[in-house]
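See the structures that follow.
Both complexes below contain chain A, partnered by chain B and then by chain C.
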Partner chain A sequence: MSEMMERQKTKKKDFRVKSKIFYAALMAVPVLQFIVFYIGVNINSILLAFQDIEISSDAVKTVTWTWKNFTGWFTNETSRSLVLTATGTSLKVYAITLFTGVPLGLLFSYYIYKKMPCASGFRVVLFMPSIISSIVMVLIYKYCVNDALPAIFKGLPKLLDNADTRFGVIAFYNVYVSFGTSVLMYSNKMAGISPEIIEAANLDGATQLQEFWHVVLPLTFPTISIFLITGVATLFTNQFNLYSFYGGYKTVPDSSLETLGYYMYSRAEAAKLDQTVYPPLAALGLIMTAIAVPLTFGLKFTLEKFGPSED
Partner chain B sequence: MKTFKRLLAIGAALTLSAGFAVGCSVETPPDLSADSSVTIEEGKSQLYVFSFAGGYGTEWLSDLARRYEEANADKSFESGKKGIQVIPTNSKSQVSSTVIKNGKEMVYFAEQVDYYGDLKGNNAVADITKAVTGKNPYDAEGVTLESKLYDDQKSYFNINGAYYAYPHYLTSFGFVYDVTLFNERGYFFAQDRVADTSNQQIWMTGQFINTTNRTVKSKGPDGQSGTSDDGLPATYEEFFTLCDYIAMKGDMPMLWTGQYYSGYMTHIINALASEYEGYQQMRMNFTFNGTATNLGKIVNGQFVEDTTDTPITSANAYELKRQAGKYYGLSFVDKLFKQNFVTDNHFSSTYSHLDAQEAFLKNVISGDANNKAVAMLAEGTWWESEAQPVFNELRKNANYQEREYAWMPLPKATASKVGEKSVMYDIMYPLCVVKGGVTDWRYDAAIDFVQFANSQESLEAFNNITGVPKAVKYEMKDTTKMSAFGKSLYTFTKNADIVFPYSNSPLFVSNQTNFSEINGGAWNSKVNPDKTPTVTFHEKKTSAADFFTGMYDYAKAQEIYK
Partner chain C sequence: MEKIMKKKNSLNRARFSPLTAVLLGVLILYVLIMLGMFFWAIITSLKSPDRYYKDPIGVPTAISLNYGFVFKNFKIMVSGHEHKMLDMVFNSLLYAVGGAFMKTLITCVTAYLCARYSYKFSKVVYTVVIVSMIVPIVGSLPSELQMAHSLGIHNHIWGLWIMKMNFLGMYFLVFYEFFKALPKSYTEAAEIDGASDMRILLTIGLPLVKYTFLSVMLIYFIEYWNDYQVPLVFIPDHPTLAYGMFYLSGSGGGDLARTPYQMSMAIMVLIPILILFLCSHKRLLGNLNVGGIKG
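Up next is the complex of A and B:
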């Protein structure tokens, strides 16, 4: 008996060891990839933020360590004003996404979840920007708002070229393309709500709005909160699709259209690998990270503490 | 079942490992997507060549590859093989040290690269001194690649006595005009003109040639009669008179892309500034060494030139933002934007350079009911090559009559400047490099290929195919295969000075982007930081004078000058 137990114990132990080896082998590649392509790359960026690179007439690089890449964003009047303008635009874009994109996304998802008329077609239309290349989508949209609409409605200006309308038309596009993933996630989460709960609410006489507000929304909240938390980071990375609309930053008609994400990307892209341009941008990236991290954790804490619970 | 599971696990592990191995492989195969029909000829050696496929197209490289293969059909580059197969990779990707190190291509034709900091600084490129200074088997005795270089190129490409790059084609910006239309409509200035200013229409008509009493063309910007620029506007003032006259006759004086007007028209400002300043003064923007003779500032809205010259060093190079040519270039384009003929299309983000080229060639402007002919186009030297699809489409029509196009010398800011030598500015500084770190037969083949690509025969072939000269010194022995535009550009280039936008000054090589006209800070101004003057004129309605003053303020606040 004890021999059998011993054998079973050994077998279990063997299985545990083998499982661990299998798990380690399976995880080795992604972990290595994470170390190289995330930590490795970021370490390079972090180091770059503290470097001042000079190149001699012999093409020899000299690196000196400095804080000026950070201080430059505060002391240089031009840089400071450009970044402040971009921050303002980023906040505006974030607010639009938060107060327009999220509620509309939830309503569209609820519409699809309730299988109201043309719900499937609606789903396809909203998910289309996620299937079609963004460059193609932007091109279609550009010609539509700039050429087609003014041709149909005489007197209407070229909406993308007109200073009064271009922010609005770009914002509209951005809200529209943001629906793809969110609607898919929200509607899937809603589809997982137990029919009994909905039935009980209906038996209690809940209207459709009450059902949405008191039942569906709280049960979808964990998914919503994920979008809200990850959305904080987009405050610093969202490019507002400006590169697809206009290309490089010199072509963007007004600095007030530029978001922080676009500001950094477009300057790095225009540098054409002139490495002396990267250190200040890397420093700006670190400054943004220093702001984004507490903001993200703060929001996570707040949503978990004060957000509606499934109970 | 257990065995099956094991096999499945091994298979999964192998797949993952293979994926990882591919991701980490040192050399990635070249992108053959541009020509999927390429089949490797086993008996021959393969030489992979990368080319940035911009406005100059891909035909020149196909032709170069074919001729090189023919010239070396019996030569053995590696043991056991005879002949060579050149496999081009035509791509719009930016070439960098990383791309070169990871690529299979041995020769790279690229533009807008950081030669000192990135390519050489990161040891991605090979020493090609052997190709540049050595005997070229494809050229006449005593003719080396080095002998075709301009002095500025020699000092830039030669680092510590060795060459790591060689110039490629010339990229300049300016005006192209429809010679046929100018002839048909009489858009050339006359030598003897009507002086009566009491009637604007009579006066204007009296400035241009006709078939009766004013048949002799004016001397043009070069101030000499009997040359190809006769009858063309010699000064800014004449240029705007010409625009008014063309518009009065019911044609469109000039088109440019609305989508890229920001960059394109800034290139025009830069070209005008170079034209005004001349070679020596403009070169100082890269060498930071010399005496600036045209500096000035705005007083009561007018440009007032300094009474004394200013010695320029790396410590005060921001003073060059006050060059007179820069002010005049800015005011020219500012005025151009305010002309009555300028429409929404000129600034429309959906009106591309290809749309403008098509309208220019077809003389049909989209949305224009009056069917105006287009007299001039603001474009780069590469436009004809880029517009080939439109030419091909037009030539399919049996009734199509070939038209003549030509490069227009830029007008001078003032009458006192007429007769001064023209200046071209090489915007994109294209070059050719060989991949570093390879010492086998591929290096020798690449060196040989670079020599062949820059031999007299290949320079002429490139010029004939693209209509644009290479950025080195050579004479076309046969110009019969060139288009009219190609001939005009070639003649113009031969008689002009060329400003290459680079130097080996530490201030330049450590801050290349700051001094770059294209995508860089050369035209930054405090009045609208990080935006081009053209965008500022159009969007903010800022005056040229304010923008000019802001350029100095912007540059002076930078900490790079020391």
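Up next is the complex of A and C:
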């Protein structure tokens, strides 16, 4: 009897060892990838921010350590003004998304959740901009706004060529195409709300607006908070689709349209592997991260402390 | 169960109120804008450039064969090499299918390991995913480019596959919650029968998650197929279809710069992905659900 138990114990132990080997073998690839392309990239980004790279005519690379990649953004008048303008535009774009895109997304999700007329059709159409390449969508939108609208409404200027309307037209596009994933996630979350809770609200005589505000919204809040918290980074990464509208570096007709995300990408792309350009951009990235991290955690803390509770 | 579902449906299918009436109006306007844009793009793509510049919104009186012209001239010069449309389609397929498969597989397997094996390291990995989602690290593109260059993977499509092989992101949580919710009894029986861990993963874990796997892979496929910014900087000599479209819609348009050709080009690039979406939208818009972030 004891021999049998002993054998079973050994078998279990063998199985556990084999499990550990299997686990380690399968984990090795993702962990290695993470070490190189997440930890390595970020450490390299920090180091790069303090480097001054010079490449001589015979391709010899000289690296000296410096603070000037950081200070340059504050002392150099041109850089400072460009980054300040880009920061202002990024804040404007973020506010537009937050105050129009998010509420509209939630209301559309509620409409879909309540299975109102054509709800499933609207769900498909709202998701469509997410599956169409931004370059295709922008191309059609751009010509439509600039050529078709002035032909329909006589006297209307070419809205994208007009300095007064350009920002609004691009902002409208950005909100218009922003509903796909958020509506999908919100409506899936709403679909999981217990019918008893809705029934109780209805018995209490709640109107639909009250039901949405006092019942559905708090119960969807965990998903909303994910979008809000992860959305802070978009303040620094959102390119406002400018690359699709106007193309790369120095092609945007008005520098006040540039966001921080566009600024970073367009300069890095224009560098074409010229490593001497990278250090100031890496420094700017670090500055932005240093602002984004406390902002994100501040928002997370605020939402957890003051946001509605699921209970 | 059926009763509960019926009750849920009847409660969800609410009465019409001023709120829903306004929402219906806004949504109809949304759809009309989209349909209007696509309808205009289609009729423009069938017009000759001369006809278009005379009347940008009228229906074409004679159909112009722009699509053939666009197919023939959809080519770009990159680093002294000419790339035709079919080359770009091939590059797009390599990048999108390979990248999406690698990314989904790694995410799914890592989530499986974390959910089914309660080692301390699993908790570390889970925490890393959550932290990476919350902590915004921005502006690392220059470093990524330098790293890719120094590792010798820059300008190779397989290099991009390697770069995409990470488990970070929201879909890790989708897979994690799926495997965590799977009753232990599913795998215990196989364990008693002496099945190895690999066998359990291949014959029980992956088959059970296949529909979620396909949905996530499809989402990544569409994302990479449409992406031109990553190929532009990481595989500049292997233009994808979206990259080519970006090039030709800008200053490199040449013969294709005129609006009807641009619209034909847009429709040609749009149609395959639209068909794919319409065939798979039920799966795509299905049950991908994520709860709150804890930690």
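As a working rule, the second predicted complex is superposed on the first by the 285 of 311 C-alpha atoms of A that agree within 3 Å, B and C clash if a C-alpha of one lies under 4 Å from a C-alpha of the other, contacts with A are read in each partner's own complex, and residues count from 1 in each chain.
Just so it is clear, contacts are C-beta pairs under 8 Å (C-beta built on N, C-alpha and C of every residue); 3 or more make two chains touch, one makes a residue touch a chain.
Please read all numbers here as calculations on a predicted model, not as lab measurements.
Superposition model on chain A: chain B and chain C are shown in a clashing arrangement. By the document's definition of touching, of the two partners only chain C reaches A:285; chain B does not. Of the two partner chains, chain C is the only one touched by A:230; chain B is not. By the touch criterion defined above, A:57 reaches chain B but does not reach chain C.
Look at A:265: by the touch rule set out above, it reaches chain C but stays clear of chain B. When chain B and chain C are set side by side, the one touching more residues of chain A is C.
Applying the stated contact rule after C-alpha superposition, one finds that A:205 touches neither chain B nor chain C. In the superposition on chain A, contact of A:254 is made with chain B only, not with chain C. By the touch criterion defined above, A:155 lies against neither chain B nor chain C after alignment on the C-alpha atoms of chain A. In the superposed pair of complexes, A:222 makes contact with chain C only, with no contact to chain B. Judged by the touch definition given at the top, the superposed model places A:44 against chain C, while chain B stays out of reach.
After superposition on chain A, the stretch of chain C that runs into chain B among 81-89, 117-125, 171-179 or 207-215 is 81-89.
When the two complexes are superposed on chain A, the residues of chain A that touch both chain B and chain C are 22, 26, 29, 33, 143, 147, 247, 251, 271-273, 275, 277. By the touch rule above, chain A contacts chain C in their complex via residues 15, 18-20, 22-23, 26-27, 29-31, 33-34, 36-38, 40-42, 44-45, 48, 104, 107-108, 110-111, 113-118, 121-136, 139-141, 143-144, 147-148, 151-152, 176, 184-185, 188-189, 191-192, 195, 198-199, 202, 207-209, 212, 221-223, 225-226, 229-230, 232-233, 236-237, 243-244, 247, 251, 264-265, 268-269, 271-273, 275, 277-279, 281-282, 284-286, 288-289, 292-293, 296-297, 300.
On the chain C side of its complex with chain A, the touching residues are 4, 7-9, 11-17, 19-20, 23-24, 26-27, 30-31, 33-34, 36-38, 40-41, 44, 55-57, 106, 109-110, 113, 117, 119, 121, 125, 128, 132-147, 149, 151, 154, 162-163, 165-168, 170, 191, 196-198, 222, 225-229, 232-233, 236, 242, 245-246, 249-251, 259, 262-263, 265-266, 269-270, 273-274, 277, 281, 284-285, 287-293.
Listing the residues of chain A that touch chain B in their complex gives 22, 25-26, 29, 32-33, 53-61, 68, 72, 76-78, 81-82, 142-143, 146-147, 158, 160-161, 163, 245-255, 270-277.
Contacts from chain B toward chain A in the complex involve residues 9, 13, 16-17, 19-20, 23, 94, 96-97, 112-118, 120-121, 159-160, 258, 260, 262-263, 266, 344, 347-350, 504-506, 509-513, 516, 519-520, 526, 528-532, 535, 538-539, 554, 557, 559.
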